[in-house]
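Okay, got some structures for you below.
Next come two complexes, and both contain subunit A; in the first it sits with subunit B, in the second with subunit C.
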Partner chain A sequence: MDQLILQLLNGLDKGAAYALIALGLTLVFGTLGIVNFAHGALFMIGAFCAVVFSRLLQLETVTIDPARLTPWGSPMEVRTPLVQAWLGDFGAVLVQWSVPLSILFAIPVMLIVGVAMERGLIRYFYKRAHADQILVTFGLAIVLQEIVKANFGANPIPVTAPAALAGSVDVGGWLGLSGVFYPWWRLVYLGFALAVMGLVIAFLRFTTYGMVVRAGMEDRQTVGFLGIDIEKRFTVVFGIAAVVAGIAGAMYTPIVSPNYHIGMDFLVLSFVVVVVGGMGSVSGAVFAGFLLGILQSFASMNEVKNILPGIDQVIIYLVAVVVLLVMPRGLMGRKGVMEN
Partner chain B sequence: MLIKKINRRVFLQSSGIVGAGLAMPMILSSAARAQGFCNNPTGSKVVFGFNCPQTGAYAEEGKDQLKAYELAVKHINGEGDGGMLNTFKGTALKGNGILGKKVAYVTGDTQTKSDAARASATRMIERDGAIMISGGSSSGVAVAVQSLCQDMGIIFMSGLTHSNDTTGKDKKKNGFRHFFNAHMSGVAIAPVLGEAYGKERRAYHLTADYTWGWTQEESIKAATEALGWQTVQTVRTPVGAADFSQYITPVLNSGADVLILNHYGNDMVNSLRQAIQFGLRDKQVNGKNFEIVVPLFSELMAQGAGDAIKGIYGTANWDWKLENAGTKAFTKSFGEAYGTPPSQAAQTGYVQALLYADACERAGTFNPEGVVKALEDFEFDGLGNGPTLYRGSDHQCFKPVLVVQGKEKPKDKYDLLQVVKEVPTKTVTYDPSIFGGELGPVGTKC
Partner chain C sequence: MTALRNDLIYLVVFAVAVLAMPIWLAPFGAAYPDLMQKFAIYGIFAIGFNILFGMTGYLSFGHAAFLGVGSYAAVWSFKLLSMNVIPAIALAVLVSGLFAAAIGYISLRRSGIYFSILTLAFAQMSYNLAYSVFTPITNGETGLQLALNDPRVIDRALFADAPGIPRPNLFGIELGGYEAFYLCAVILILCFFVAMRIDRSPFGMMLKAIKSNQTRMAYTGFNTRPYTLSAFIISGIYAGIAGGLLAVTDPLAGAERMQWTASGEVVLMTILGGVGTLVGPVIGAVVIKYFENIFSAFHMAKLEDIFSFLPDGLESFVVSIVSPFVGEGWHLTLGIMFMLIVVFLPGGLMEGARRIRARFGGGRGTGSKAHSSNPAPAE
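Up next is the complex of A and B:
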């Protein structure tokens, strides 16, 4: 029972990351018709927003102490943290909470990156074949990766959760069991992901802006006839998708140490999630993200692997094949999307 | 339509082009035969090929290794402060290149993938005329490139490769390894683990699912079981899985009180950090503190893992803080050139380049036949690891193995590991027949 609860939580957590990336992919595909292979790079840039923000908070003054030498004989650098020097204990708290606070930094950065990406490059490929879109966005992803690698190196960079959320909590106690411990930060991530997904879906469903976007997704031409600049709204949607991917990446850094390749690691799985959920279906992407995350976790249990060795590594693709054979549009795919 | 357009002239031209294309490999290989051995350098320079991961999971190690190779070439050519050439006892190198030829080098990106590594090595051998290939921060890559070099008549001086297979079942006459291996790690670390954690332990293994992981698991399992530990479970994990949570949670209630992470690079960084997030090190199982062991450590991995590394035991091939003349000379050269201390990946690459150059100089030829003879059973000292033997029967280097532990209070980001024991060469030496394989004949032909 303990194992089932833990693997369910693992699956939900993993699924939350898949769903957040897939949500953005679906939004971009549904509105702009673009198959955006650079979407994983947005997740990666978001993760590095957390790294940069954390480093900004830990800026130090560097002085050279000629009295102390490095092992190779040059004078040693002496570093003094600035924020703590200026703000005392409050400065130390800011440094501790740098990951959640980095969301405030990541939102404007990702909005700018998203809009710049769409206006500067992707809009020129709206009317081109999907193969062209894939090539240009994949190329863009590689360029962004290399920029990050050139500046931050290829090694993963450790980012820590706030000390208050760094340990584990007995989730079993909440369910009348005991001794089922799960990391606090992963629970925070799950809650955060659900909140973001809820906000995006609510924005699309319950705001006039969202209604126009949804109308544009159904029939762009008719919305244009009504005098609405749908292109501008779609650009904003692209920006929102970038923000969702970015803050998902920023909050994921205490779970997986970010490196330049982190986006690519999630991208392929997220595309599978989009296809299984149904092209163009936001709720399908969310549902499929969680479903595949949970299945992947359960398939990794030793009891399952003893019967089907290696199943943990292929389960997602196996499910995708079965779903597409039985339901070619995916679980919640919309009629007419990518069918012409 | 097309057939009508082909006249006699077009037919003859096409036949000529196709014929020349088909004959090209034979022309090239007969040219190589005429040289006596592949890429015999005839000009004033000799080309080394450095095949390192510049992208992929081990890119940071590859970058560091590449810096060390650049430094080695400088020192062989008599530039810079000479580094470990000044401490290399009995070397024939004079600091003027090799056999009067200056050393140049080309580089390739293995991408930490066997096929990409073979492609870049082939390019360096065929296009750039590389006489020797060195590099690789993955055993899968090393084994693949070693086999290619054997077939192409080139010497392969492997970089960071720790699988038993490299100088075991997959060993080749043209391949040489300075780095230690998984078996040595197991033999070296087991007594330290026994002393630190006791002899009644139950271990759970998470293992990277490729050649290095398999042999690492086999070796550490054998060594700890010989100590009296029980193995609860061994679980293979996909290489490059960012999130290991689904593999870590079964450990929690497995009855194990030690988790052995047979992971390297990013996988190790992520799995170790996640194991600690799941509270494994805060647990008490079977009345004992739960412990984590990482059999193969590197400083670069330790930097990635951050605080998670504190107190964790592992093994290393070399450490820049060792107190010997070779280490000090290399650390000084590297630190002055690049502003950081060298990693063990850098040291093994640097040493391999020097050893190859020295072997050519002693043999008086670049012919692999002579170089292999010069390296086999060669004993040397002053390259940072103490007295070392390049065993002729499997081309594996034998030298002391370091057992290291993550420091509780590091002075800076380069001071993360402390050497807790130097296990003598005699203890880690083994019978080469236990891993099988045949060296075969020396490959010399392209």
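Up next is the complex of A and C:
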């Protein structure tokens, strides 16, 4: 039982990351009709936003404190982060909470990156074949990856969660069981992911802006005839997708130290998630993300592996193959969207 | 008749260019056998990929799986049967063909992006399984290698045991360095010839018709599935041959050859050179492998050497601008080049060559010979 709960949490956690990336992918596909292979790179850029932000906060000033001596008798050099020197204790708190705060930094950055990407490159590919779109965004992903690699090196860069959330929590205790410990940060990530997904879905469902976007997904021509600049709205949607991927990446840094190819690693799986959920379906992507995440972590339990060796390695792809062959539109795909 | 003669000239020019690689590659610093073997092998791989993607328009993102399977098959043939290359390649062809038939049969039920994802899923499954459960066959992370006490049934029955681990051979000719290159080159030319025959045949016409409009094909009463499946299998066999040759030049097969990035590489090669053309994929393969092996070895000292003709201040400025793009950063150059080509030159380097020729060559070579254009003055 403990094992099951633990694996369920693991799966939800993994699924949350898949779903957040897949959400943006499917949104971009549904609105712009673009198959964006550079979406994983946006996740990676978001992760590096967190790295940059925490480095910025940790810029240090060196002061010499004559009152304290090193063991060698010379005055001690004291290093304090600039923010702390300026703002005192509040600054120290800022440094501690750099990862969650980096979201505030990541949102404008990702918005700029996303809009620049859409206006600068992707809009020229609306009318071209999906294969061309895949190829050019694949090239773009390589370029973005290499730029990051040139600036940050090839090794993963560790980023720490705030000390208050660094430990584990007894999840079992809440449920009346004993001994199911789970890292705080992963729970935070899960809650954060759910909140972001809720916001995006609510935006699409309950605002007028979102309603117009949804109408554009159904029939962009008619929306255009009504005098609405649907292209502009779709650009905004691309920006939102970029922001979602970016903050998903920023918050993920304490779980997996980011390196330049973290985006590609997630991209392949997220694509599978999108296709399983149904191209262009937002709720489908969220559902499929959690489904595949949970299936993957249950498949990696020893009890399962003993019966079906290697199943943990292939379960996601296996599910994808079966779903694609049995349900041509994916689990929740809309009728008429890329059915053949 | 002239079309046939042109093809013959085309083939001869290609064959001469391939066989003369050690001569004309020397000024580029690429005329050593290890690299030229790679040119030829990845040329075969890309030609095969082009038979699928270039002719039918089905974009497979899992083609490296067949390359990997071919490698494993060849190494097993070395281990169990004989160090002779012929059975190794034959086994690689057989196994990769069967594998392609199985994957193609399922994947080709869908088209477009779904086909890409299905092939990607199968390739990733093969890769993950090769690393984990199939370790007895693939030797997992270490990679499958030859050992001193391998059975090698045929060799043991016919010849006395030589000391040490034997090298792959072709009826007694040991294949190291140049011998291996010429073997790869000859097979590349054969593969090119077959691809050319397919391209000119009614079967090739069918494949191109599928690319231009599959629905219309279906309405005219053709069942397109057997054609696409044959193209998929042929293309898988090409990849298998390439994998087998990789094992011939270096008898070690690892799972990383099947990873999806390797599949992405062959896509890059084909697009870069010119999708849908015969020689384009080979050019793309040469360019990328050249980048990977030569360009990536450039370093600061070499750059300073190259730009030493500039005045001092300017030199350091140019070097600092260029240096992120060479050496470690060669992927960056490749990515930018690739994007530029997809955006501005969808026909790849071949189309670029054609445009240049159309501009300067007084209109020669434009028009109907779109798919057989050749940068060398073949006509």
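Assume the second predicted complex is superposed on the first by the 319 of 340 C-alpha atoms of A that agree within 3 Å, B and C clash if a C-alpha of one lies under 4 Å from a C-alpha of the other, contacts with A are read in each partner's own complex, and residues count from 1 in each chain.
One rule holds for everything that comes next: a contact is a pair of C-beta atoms (placed from the backbone, for glycine too) under 8 Å apart; a residue touches a chain by one contact, two chains touch by 3 or more.
As the structure is a computational prediction, the values presented were derived from the model and not from experiment.
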Combined model on subunit A where subunit B meets subunit C, clash or fit: clash
Which superposed partner A:Ile64 touches (first subunit B, second subunit C, both, neither): neither
Which superposed partner A:Pro183 touches (first subunit B, second subunit C, both, neither): first
Partner chain in contact with A:Lys14 - subunit B first, subunit C second, else both or neither: first
Which superposed partner A:Gln3 touches (first subunit B, second subunit C, both, neither): first
Partner chain in contact with A:Ile147 - subunit B first, subunit C second, else both or neither: second
Touching partner for A:Gln313 - first (subunit B), second (subunit C), both, neither: both
Doubly contacted residues of subunit A, that is, touched by subunit B and again by subunit C: 149, 313
Subunit C residues touching subunit A - in the complex, by the definition given at the top: 57, 59, 106, 109-114, 116-118, 120-122, 124-125, 128-129, 131-134, 260-261, 264, 267, 271, 324, 328-329, 331-332, 334-336, 338-339, 342-343, 346
Residues of subunit A that touch subunit B when the two form their complex: 2-3, 6-7, 10-11, 13-14, 17, 70-74, 149, 153-158, 160, 166-168, 181-183, 185-186, 254-257, 259, 261-262, 265-266, 296-297, 300-302, 305, 312-313
In the complex with subunit C, residue positions of subunit A that touch it: 35, 121, 124, 130-132, 134-136, 138-143, 145-147, 149-150, 264, 268, 271-272, 275, 279, 309-310, 313-314, 317-318, 320-321, 324-325, 328, 338, 340
Residues of subunit B that touch subunit A when the two form their complex: 55-57, 59-60, 63, 233, 235, 238, 240, 242-243, 245-247, 249-250, 252-253, 266, 269-270, 273-274, 277-279, 282, 300, 303-308, 320-321, 328, 331-336, 341
